[in-house]
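Please read the structure below before turning to the comments.
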Amino acid sequence: MTQAMLSVKDLNAYYGKSHVLRGVNMEIMPGEVIALLGRNGVGRSTTAKAIMGEVEPKGEITFKGQPISGLESYQIARLGLGYVPESRDIFPAMTVRQNLILGIKDMRHPGKHTVDQMLDMFPNLRARADNLAGVLSGGEKQMLTMCRTLMGDPELIIIDEPTEGLAPKIVHQIGDVIAEIAKTGVSILLVEQKLSIALRIADRVYVMGHGEIVYSGTPEEFKTRDDVRAEWLEV
Amino acid sequence: DTLKIAFIDPLSGPFGPTGQDGLNEWEYAAEQINAKGGINGNQVEVTGYDNKVNPKESLVQLQKALDNGVRYIAQGNGSSVASALIDAITKHNKRNPGEEVLFLNYAAVDPSFTNDRCNFWHFRFDADSDMKMEAITDWVKGQEDIKKVYIIGQDYSFGKAVAAAAEKNLTEKRPDIEIVGNELHPLGKVKDFTPYVQKIISSGADAMITGNWGADMVLLIKAAIDSGFDGKILTYYGGSRGAATAMGQAAVGQVMAIVEHNTNLEMSDAHAAYVDGYEAKYSESNYYYQRIDNAMHMLAMAAEKADSIDPVDVAFALEGMTYEGPTGTLTMRADNHQVLQPMFMSTFSDNVARGVDNGPFGWVADDAARIEAEDTRTETTCQMTRPSK
Amino acid sequence: METIVFSLLNGVIYGLLLFMLSSGLTLIFSMMGVLNFAHASFYMLGAYFAYTISEASSFWVALIFAPILVGLVGALVEKYGLRTVHVNGHVAELLFTFGLAYLIDEVVKIIWGRNAVDYKVPELLDFPLFELFGAQYPAYRIFTLFVALAMLAGLWFILNRTRAGLIIQAALSHPHMVGHLGHNVPRIFMTVFGVGCALAGLAGVIGGNYLVTDPAMGVQMGPIVFVVVVVGGLGSLMGAFLAAMILGLLQTFAVAIDARFADIFGWLGLDATSELGSITIASLAPMIPFLMLVLVLMIRPRGLLGDREL
Amino acid sequence: MSNIATDTMISLSPSGSQKFMQRTVPLIIFAVILAVIPVFGPSRTMYSLLNAMGVNIVFAMSYNMLLGRAGLLSFGHAVYFGLGGYAAVHAMGAIEAASYGDGGFWAGYPVFFLPFIGFAGGALAGAVIGWPSCRRAGTPFAMISLGVAELISAAGFMFGSIFGGEEGISGDRMNGPEMFGLSLGPINEVYWFIAFWTFIGVLGIYAFTRTPLGKMSEATRDNPERAEFVGYDPQKVRYLVFIFAGGFAGLAGGMSAVNYEIFTPEALSLAPSGMVLLMAYIGGIRYFAGPILGAILLTYMQSMMSDYSEAWLLYLGLLFIVIVMFAPGGLAGIFGGLFRGLRGDNPAASLRQWAVQITGIVLMMISLVTLIEMSVNWSNNYGEVFEPFGMHLPHDGVLTWAVIFIPFVAGVGILRKALKNKEGQA
Amino acid sequence: MSVPALSINNLHKSFGPAHIIRGVTLDIEPGERHAIIGPNGAGKSTLFNLISGGYHPSSGSIKLRGEEIGGMKPFKINRKGLSRSFQVSNIFSNMTVRENVRCGVLYSMGYGYGFWRNVGNLHDVQRKTAEILESVDLLDKAQLPAALLPYADQRTLEIAITIAGGADVIMLDEPTAGMSHSETERAVALIKQATEGKTLLIVEHDMGVVFNMADRISVLVYGEIIATDKPMAIRGNEKVREAYLGDEADAIEGDAA
């Protein structure tokens, strides 16, 4: 059996006294695209944050067999985990190009992507390459964040709500891009609300409810499970 | 009983060291007099109160001192503080009859304290800045080769007083001397005096007169020496702590200071023992304020004469009192409460029996450099109002 | 003529000293956004370390090791102090350094005493290099000129040739994100702060014997360092250099000018004996930096060459 | 308009009794404390200390109108304190001149009300200087205030007729009509004057926080952009707040003028501006009462601690750093935490927790104080030795180092354990 | 015909060389609900900023009820009765929810920069605040610090502050971004109710919201309005499909989970 890329066992997390994650278990195999679904506020973003070390994780998280809970976030990143947060966090006072350069972890060993490739991928960005990132439109910011993370050559990317606030057409494009990225062999953990996208590109689906994984299966199987949808996704 | 003296001067902060030296000498003087039975049978107790050279803080410390039963205040660092204290003490004495307080000024030399603003409760044991300038210019009078003089000082009441006196005295005593510059610089703000010094050098001055003290004095002299100024530097406070280190070999014979004492004067055995005792006790500081020793003795004599340690009695007794001090006869003028004492134009030297700042340099004054007490007398505009006895 | 030559020379040297002092702060302030109030205290530490080292061995050893030591102190301060406060924002950082300044000043007094120490110019450089209009020019001053230029070059390299600057700037807006991109932000912060302090230390090694080494030297130089950095413009080393030079020259020229307000504004009917009229230009010298500070902030908030506003 | 809205309005805003408990009671307690102090027959020192505290309380509170409430970090607040104070001293002089001279307006003006003049002076200065400085917030504001403070205090030494040079301007408070039977001569009478104005100052500043302008100053601090989109000009808000802060600083200046009967240009300089910053911050800028605590503590340290230790500035620096690092809420934050703990579900546990923490802190302090005092005494080099409680602690004594190390190690150990426990509980 | 509530004429905006708004002309009638859609980066938020005073137009005019407001300061425009929300929540995070709303209310009720009145005693302000909280259903959270609100509630508060001042032209920038389906529905209902009788200008990417709410829709692409029309017509417009909607035009419900 191949080793899981990322494995999360019995993960708990707290905000102050509120217990947000209550024993999350999940596994991501190399090259897999996983969609993490769930209602607002069930803890999907928190799961991402806990894996990335932004929220203190209680439980076992291993990446390529190596335990990563308790590591500093830069150490986690250097192991090959990329993260596109919900808040996007572009660096507003820097140009688009500088933002991209910052995605490179070590200038001496730049990754396989170059800034130019990235700008080709998103023509919108190319036009703004030397503008300050702070003035980008909401959608442009989203694209920038994804590219920036790719610059670091991650083996697994956690993407939190990439399509939020995007024009319908772009939403579709983003879906394509993610699928494209996946094809290069990168594993992806996609936190998404829009089922159409999630189901189109995911190999497997996890559904989260009340801080736990309540369902996992393939998209095909999931489409047949109206009960899961009804109980955990719709209102 | 004890006679309590409150020493209100800076004990922390940038001026802390200067204040600490003063306190050391007051304490030492008290110790010595206590060993001989105290003042009129009372032990003397000196307590330091830190005013951080701040007039307002001085008033808080004054209240503290009053609480502790203090009736004598000693202060010297800064005429501005002295001025505030004089005001406060006058008001206190007016508002609290029977609890009068006496102010023993050992270093604040603004001439107005013994002129227009003279005050019964204030006695000054240091020569005022006019008197010191008289002494300096008297010395200049004899120096034929000094033709051009540059006056530089700090921009505040004291610096202005020095400049005015220098100008007035020089024109009177040596009308041939050209005053090639008269400059005031901001107090304690200049970091590099080189531009000033170069101005002085280009003016062709053979001598510079300055009342600067603290960092302003050290930096000024250092810049002058580094830039090769070779005229005389006539100072008020060249002898104070830390200056010798900064000046170094190059300043020998060039820097002079007007003081009431230096440790290389001829001293009686008793006095030498006194100085030695001090320097042994406080190895980091040098014996500097002879006037503190003088003040302590005069206070003792006055108390004995009045047979009381009540400030009012002591004040009346102090008026006009003479004292045979280690350097000669001292007189406390009755008309304005200013002491008259012999002064010395000391010269910075590397050939000394006693060095300062733990170094090889020190200050010397020969007989020619001595100014007799009577010669330092200046006119006063004081109109003293005295309390009824 | 004399005055002009002197003032130029002195202005330049004083300006360079100011630049040396503030270059470290430019680094720290523009990269980390920390208004380090203790910067001048690190300058003082540099001078004292240099004094102690040069007593034990020589000035040249001190020239190398004193800044390194100061840098280490700075790095420790960052690691165990500033880092904790960082999360509470810039005001907290600033206040931390404010307290640190007190602390360093007091500790210096305890270790080296309250008086000036005899930190001497190295004998090798202790001679008048040339004489101009009767005034000697010490070789050491010219030496400072070269050190300052070397610093300028070195710093320019650090700021422009390394990505550290970018990373730190990024970390100011989103520290977590920078971590997620694989950058060890804390270590970079520590390094920058350390290097900034080391630069202050170097200025102390040079300035300590040029001026005086005493416990008040830090307090005296404190505010003017800010002026240089702000007037020069955030993030701009050349700006800081320019500002330092302008300040140095203006202050020196002001001292050299023998004029009173009345001489200049006489046409307004200002009387030389009046209070306003009798103010000399020279006495305004120490105010010039602050006047510049206020004017620049009001008219051109990004400073002379800054690339962004404060 | 519906009933619901009316009902909810009532339920939303605190009830009358709540208001009374939260707002009126603390003020009454404050007034009572002020009124009761003389009953204990304070000494002269105590009085002068209390008076200084009163002045600093108002000064620090006025500073916090800027820093805490409006988010404006100023390094030059003493300028307004000083200018207000000077206005008051000059007025005091005018009163004196008028009462010995030919009367006029000033002859009838009681010294007791000089703080009004101070307020006017400070506010006027704020109105003039604030105009350019309030255009920007944040660091530019801080830097401008620094520059302005340096400029004004330098000018203070230049214009002798206004500021009196190094010596300052003095006055005599015992002139003009008496108020409330207070001659203001003896210090205990001055106390009543100070107490009165301290209360007025605190009350006034409190009232200000409750006004629309006061509320909007907080809003502008949090989010100036949004404030602009609800109809407010952030510059104008800052400017108006600045004037008021200047006014109350001037009020404190007026109190100080009467208390000390002297004002020196130093009062305008960076040092007091820095001090008031320390007071407000150490006290806690997020709490209304924070600056009061800070003013009390720092005034005490400034005047009294220098009697006990030469290293008092070192202690001040340390205290400040510790607060900045570990208790950004300041003293008020610490007390608030204690209070909440006591009212929480498990007061006994919190008490135990604090007892442990305090033990740890005290142990570390013992070691630190010993180290510092030993060093200070030793470095003074007069052969002095630190001798607390009859112990003899020279720098080379074994006992000394034992007193330094053992409590330190013990203290660190205890604190670590305490912190671990706390985490375990969470 | 009545004066348009908002009338934009040949508006341009450039940032340096970047020409972002390229001649927008648009009239919005009083009481109309008007949506602006368009690709990311088309300039929708920029247009909002121009109208509300955040940016200074490069050229062209903006009239509010016939009065020119182009280039005025935001607070002046706000006082004339135009209020906006932000794409990213922009609230007073250290204040409570109630205080946040009150900040929105104060100026419009004439209390301005007053420093002689106690806000606690301004009963009309209290009442208005309560009304607004009530209407957006935040009453039970009134005493919470705004920073602690869940995301969706923060968005709601954002709207509450915007409508608090009683402006009759309301501009909302992506009010439902990041909300779940149910939250979106609630928000839509709330917006409909709160802007009853007022002029509404809204930017949204959620086509469900747009088509459900708008009387008319303008499509902004690269700084130009390529179409302004009734929803049905926009849906059928080929240019719009190509530039913006893509295949989504058919599945207009939106498909938030």
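In this document, chain identifiers A, B, C, D and E correspond to the written order of the chains, with residue numbering beginning at 1 in each.
Definition applied: a residue touches a chain if its C-beta (ideal position, glycine included) is under 8 Å from a C-beta of that chain, and two chains touch if they have at least 3 such contacts.
Being a predicted model, the structure only gives us computed values, none of them experimental.
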Required minimum of steps from subunit A to subunit C, each step between chains that touch: 1
Path length in steps (a step moves to a chain that is touched) from subunit A to subunit B: 2
Farthest chain (mean CA position) relative to subunit C: E
Greatest separation from subunit D - chain, by CA centre: A
Rounded Å distance, subunit C centre to subunit D centre (Cα mean): 31
CA centroid of subunit B to CA centroid of subunit C, Å: 36
Centre distance in Å when subunit B and subunit E are each reduced to the mean of their C-alpha atoms: 76
Touching two or more other chains - residues of subunit D: 154, 158, 313, 381
Subunit B, residues touching no fewer than two other chains: 16, 155, 186, 189, 284
Residue list for subunit C, restricted to those that touch at least two other chains: 109, 113, 283, 286
Interfacial residue positions of subunit A with respect to subunit E in the complex: 37, 39-41, 124, 128, 131, 135-140, 142, 161, 164-172, 193-196, 233-235
Residues of subunit C that touch subunit D when the two form their complex: 35, 81, 84-85, 88, 90-92, 94-96, 98-103, 105-107, 109-111, 113, 223, 226-227, 230, 275-276, 279, 283, 286-287, 289-291, 293-294, 297-298, 301, 309-310
Residues of subunit C defined as touching subunit A within the complex: 163, 166-167, 169-170, 173-174, 176-186, 308
Complex interface listing, subunit D residues touching subunit E: 1-2, 4-6, 8-9, 12-13, 19, 207-208, 210-216, 218-219, 221-223, 225-233, 236-237, 240, 244
Complex contact set, residues of subunit E against subunit A: 15, 18, 37-45, 87, 150-152, 174, 177-183, 205, 207, 243-248, 251, 255-257
